[in-house]
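The structures come next, written out as structure tokens.
Below are two complexes that have chain A in common, paired first with chain B and then with chain C.
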Partner chain A sequence: MSTPTDARAGPGTRPGIARRLAIWLHPRQGLQLRLLLAGPLGWLAIAYLGALAILLLNAFWEKDAFTGRVEPFAWTLNAFRDLFGHEVYRTVAVRTLIMAVLVTLTDALLAFPIAYYMARIATPRVRAMLVIAVLMPLWAAYLVKVYAWRTILQGNGFMEWALSPFGVESPGLDEIANSWLVLSYLWLPYMILPIYAGLERIPNSLLEASADLGAKAGATFRRVILPLVFPAFVAGSIFTFSLTLGDYITPDLVSDAKFIGNVIYDNSSLGNLPLAAAYSLLPIGIMTVYLLIARRLGAFDSL
Partner chain B sequence: MVESRAVRIALRVVSVFVMTFLYLPLVILAIYAFNPSRLLVWPPTGFTLGWFAEAANNPAISVAVVNSLIVGALATVLALILGTLAAIAVHRYSFFGRQTISFFLVLPIALPGVVTGIALRTSFVTFGIDFGLFTIVVGHATFCVVIVYNNVVARLRRLPRSPEEASADLGADMWTTFRRITFPGLGTALLSGGLLAFALSFDEIIVTNFTAGAGTQTIPMWILAAIQRPTELPVVNVVALVLVTFSIIPVYLAQRISGGAAAGVSR
Partner chain C sequence: MTPEASRPPTRGEASSAVAAVRLEGLVKRFGDAGTGAGAGTGAGDTSGSASADTVLAVAGIDLDIADGEFFSMLGPSGSGKTTTLRMIAGFELPTAGRILLHGEDVTDRPPFERDVNTVFQDYALFPHMSVADNVAYGLVVRKVPGPERQARVADALRMVRLEGYDRRRPGQLSGGQRQRVALARALVNRPRVLLLDEPLGALDLKLREEMQIELKAIQQAVGITFVYVTHDQQEALTMSDRLAVFNRGRIEQVGTPADVYERPATRFVAGFVGTSNLLSGETARAIVGGSGTFTVRPEKIRLAEPDSQPAPDEASAMGTIREVVYLGPDTRYIVALDAGGELVVTQQNIATSSMEALSAKGRTVRLTWKRQHNLPVGEE
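On to the complex of A and B.
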């Protein structure tokens, strides 16, 4: 094997092991790739996909009634029988799904105007500031934000102070509407940013062409802008939907409603892993279908 | 299309409203942290730094902070290594199953955190692995890897190949080219990916609840437990303010460093 590197090593310099290895690896593309992928794929296979597989298995394993231990490879459908036998699990699932839809729609409505403002009206300076301002709460301090809402919503809190002049009382910490408000708040940035990116990608020429062809502003909006930005909506909705579907802390802290996540978490803390595992197949299934539909609608190009 | 004046004003008003909505809860929380009253009653009754002192002298908080720092650092390092390797492999080589790999790599953030949590918990229990800092790190690394991966792939797409080719033509071997050309090119992407990964890990609670044992507490876990104890709420306010500051600053820095390239929402 002759590479330019050999010629340049020069007299008297013995190439080190690292360099000799590099030269040896140079033509072996397949091996390079395998070495690169070994770590990440091994990790993914063990820590994520492997864990999901174990989760699936646990849903079909027997739980010892006395010790509470799960007996590996003792097959049973007991967990599923429990889930289908009790009305409450269906109620919780429907409640969570409705909430996920509501939160997604609310965020879409709130996100569109500000995304539009950022993409098409704000000056570049203001736009850059707004992007950072929307991003910061997206990444930061989930729990703190839920806690902040708790202080706002509870009796004698900010909301009571702000609304009592209008004769409205504090909502307290029991209402399921609180969960709707706080979840919409939490995931709003996840909706704003894809829509903003989607709007920014629409070339001005298209809108001018629409106007030249006689479309009024309303028609251009309905027939050019909305169809073009729709995949971005779907992209944002993946997050608002999935995050609502799995949350168990918000519903617990600001309301007394149980969601899918609460059933999973409570059963896992109580040691009923098969039931938790079986129930978690529900959000996995829903999100898989959701992702497949989203891909059909072109949302993955807008992520 | 030029938006009419009325439309523009309306959009501006709604935007101001939405930004207020996004930041008002954090502002209220910050104000409460300096409120001398033991009760969470609005409006605040004065100004004090006393709760900060009380928080600093609380041993449980110190332990939790140290735990969070250790977990954040380990998860970030793991994510930097694995995420970068995966990004280089997916971007620089074409092979069968490439699309599938990038899909599976993003799965931990597309599926709800509760799924990651329960999957890891069942696995740890099934294999008899003791809960502790190690299990928390594993949980955090699942989504931190994705963050770094996304950042590095985005950067690799924008980096031209020509300097690497020139380096190879001039006789540099793979390591030298990586060390002196590729790595400096990735530098800020790694830094911003690492900062985001750390910020995410530092305030993670959904997965952590499942993967922490009874004996180990991170700072968000301490907050969650203390929320249930009314006497501790003034200290919770302080800790919450510190937590939000320490997770927002890395995000802000990451944004500035990468010049907005880290804007991907993919969490």
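On to the complex of A and C.
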């Protein structure tokens, strides 16, 4: 590193090596960019795309029926034949998709009033506190939160204690509704934050103009606020939808219904890696389509 | 009140004795009642606030604006003019006082229950709607039937000379075009009063001067009462039938442009509307020959040779040219008076070149002006 005194060095003194390098690099902007990005892009290419590529290849490789070993470069479509041949894989896929949609809608409904209050009503002090309150759960470990829900939901848990006076039994740890409840809780902050940012970007004068032109609160909401904040909803849904689509721990811990992730996990640990790989292409495909639609709806401008 | 349909057309209604807008003892104090909403309206540094936390933006205003009038509220930023406009529109609720529109008390009514429309300083066009949808907005939410709506939108766009732009988005328009859309969007509702909050503030000088003429023409064509907020005294003098000069949340003077320019009621008005050329105390006694404060408009003063004789109906003063500012069509001379104080003199450059004008610096001159242009100014 060159020191600040270098900058004031007279023309006679010879600049240090770091300074000479900086001077040499100055007109070579393309090279600067490449040096800067080489590390992170290399990491992405190897660790992320590389892993994905191997996964993709696995889906087309043969698994030896006797040894259970995957034979690299032994091309076959057996994994896909298995997937399409058994009804259960379709059921699990549809169940996971419906859950992802339900969690997304639930979070959208819960997030909007909170985000609206934060962005447009709360005083700066309250707003700061609410932002912290929304972010706080993200600081806690995922497993801790899910186990907390287990203790709430299980027999003799909080839920049973709260519901028994009304003659309602504890949901136990079998119900698929538990997954809906816990996943909605887990991903809610990811929905609140983009909507909050989206609402904050709407200038007050637009709402005043709407009222000025004769619109009551409901009409202003439908015609001005909702259309303007819709891309933020889509942005939030990218998180809630994809995180639900890929989750397998929560369904495993709070219910007995299997999701796509559970099937992939079970198969990869039991050794049918080609099947797991083939099945994992489904959520990847769904998310690709989802992201393309989200981009058309302007969601990426809201992130 | 049914704002649409049942009302007769507004055109040429300017007769009734009932004021279009009447403000009675209007007061707005920000920071009361703990509402964060509505802060930041440009009423920042108003002095005279009662405590550290509250800001007295409007400190008691009584005003009558006649039907069909082009009325301006002129004042520096923080003088309470925008807050007053926002209270008429219904965006702010007054701390005290009443607002009457055509005799009807609307003080506590929400904006959508008032027969006024606003042209916002930042235009406040809906970015997700086309120009036509923006203009149609007021008609849509008031459920004006489709065919009538389309006809009125087309009329409004024609009036602001934006035919053929209806499918564009606000983001694709220039500042001047957005300004016209905002105007059309307000006028299409045929309000009885149109409120304009520094609508030309964001335009460049040339466009602003064109729009001034156009706005005035539109106002005369539709006959709607315009209440126009501006900090530009030139604009207020050019366009208004009458204007009110605001300072520190109060009105200093209400009158026609000629009244306000030629007979400023207070020292502040004399300074804010035009150049402050004040003669007071000993200087006034020596030059004008009377006690009190007087103002002389800079264009009324003539530069003459030191040994020339003033006419009997003329006042005169000796001085030295301290500074010369060449303005193109005019030159401004700042003259230090021998009797104390300074006067600004503007002369048209009819036969003067810039060289001649600038070389006048340091010269001793005699200033002369007709005695009738000595305007007495009330003390604050």
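Quick notes on this structure:
What we mean here is this: the second predicted complex is superposed on the first by the 281 of 303 C-alpha atoms of A that agree within 3 Å, B and C clash if a C-alpha of one lies under 4 Å from a C-alpha of the other, contacts with A are read in each partner's own complex, and residues count from 1 in each chain.
Keep in mind that, in the parts below, contacts are C-beta pairs under 8 Å (C-beta built on N, C-alpha and C of every residue); 3 or more make two chains touch, one makes a residue touch a chain.
Please read all numbers here as calculations on a predicted model, not as lab measurements.
In the superposition on chain A, contact of A:Ala219 is made with chain C only, not with chain B. Looking at the shared chain after the overlay, A:Gln154 reaches chain B, while chain C stays out of its contact range. Contacts of A:Ser210 after superposition on the shared chain: both chain B and chain C are touched.
Counted by residues of chain A touched, the larger count belongs to B, out of chain B and chain C.
Contacts of A:Glu200 after superposition: neither chain B nor chain C is touched. In the superposition on chain A, contact of A:Asp266 is made with neither chain B nor chain C.
In the superposed model, A:Thr123 lies in contact with chain C only, and not with chain B.
In the superposition on chain A, contact of A:Asp82 is made with neither chain B nor chain C. By the touch criterion defined above, A:Leu228 lies against chain C but remains apart from chain B after alignment on the C-alpha atoms of chain A.
Comparing the two interfaces of chain A, the one with chain B and the one with chain C have residues 121, 208, 210-211 in common. By the touch rule above, chain C contacts chain A in their complex via residues 3, 36-37, 89-91, 110-112, 116-118, 120-122, 124-128, 137-138, 140-142, 185-186, 189.
Remark: chain A residues 121-124, 203, 205-206, 208-216, 219, 223-224, 227-228 touch chain C in the complex. Interface residues of chain B facing chain A in the complex, by the touch rule stated above, are 1, 3-4, 7-8, 10-12, 14-15, 18-19, 21-23, 25-26, 28-29, 32, 39-43, 81-83, 85-86, 88-89, 93, 95, 101, 104-105, 107-108, 110-123, 125-126, 138, 141-142, 145, 149, 168-176, 196, 199-200, 203-206, 209-210, 220, 223-224, 227, 236-237, 240-241, 243-244, 247-248, 251-252, 255, 260, 263-267.
Against chain B, the residues of chain A that register as touching in their complex are 4-5, 7-8, 18-19, 22-23, 25-26, 29, 32-33, 36-37, 39-41, 43-44, 47-52, 54-55, 57-58, 70, 72, 110-111, 113-114, 116-118, 120-121, 128, 130-145, 147-152, 154, 156-158, 160-161, 185, 188-190, 192-194, 197, 207-208, 210-211, 217, 220, 235-236, 238-239, 242-243, 245-249, 253, 260-261, 264-265, 268, 273, 276-277, 280, 283-284, 287, 291, 303.
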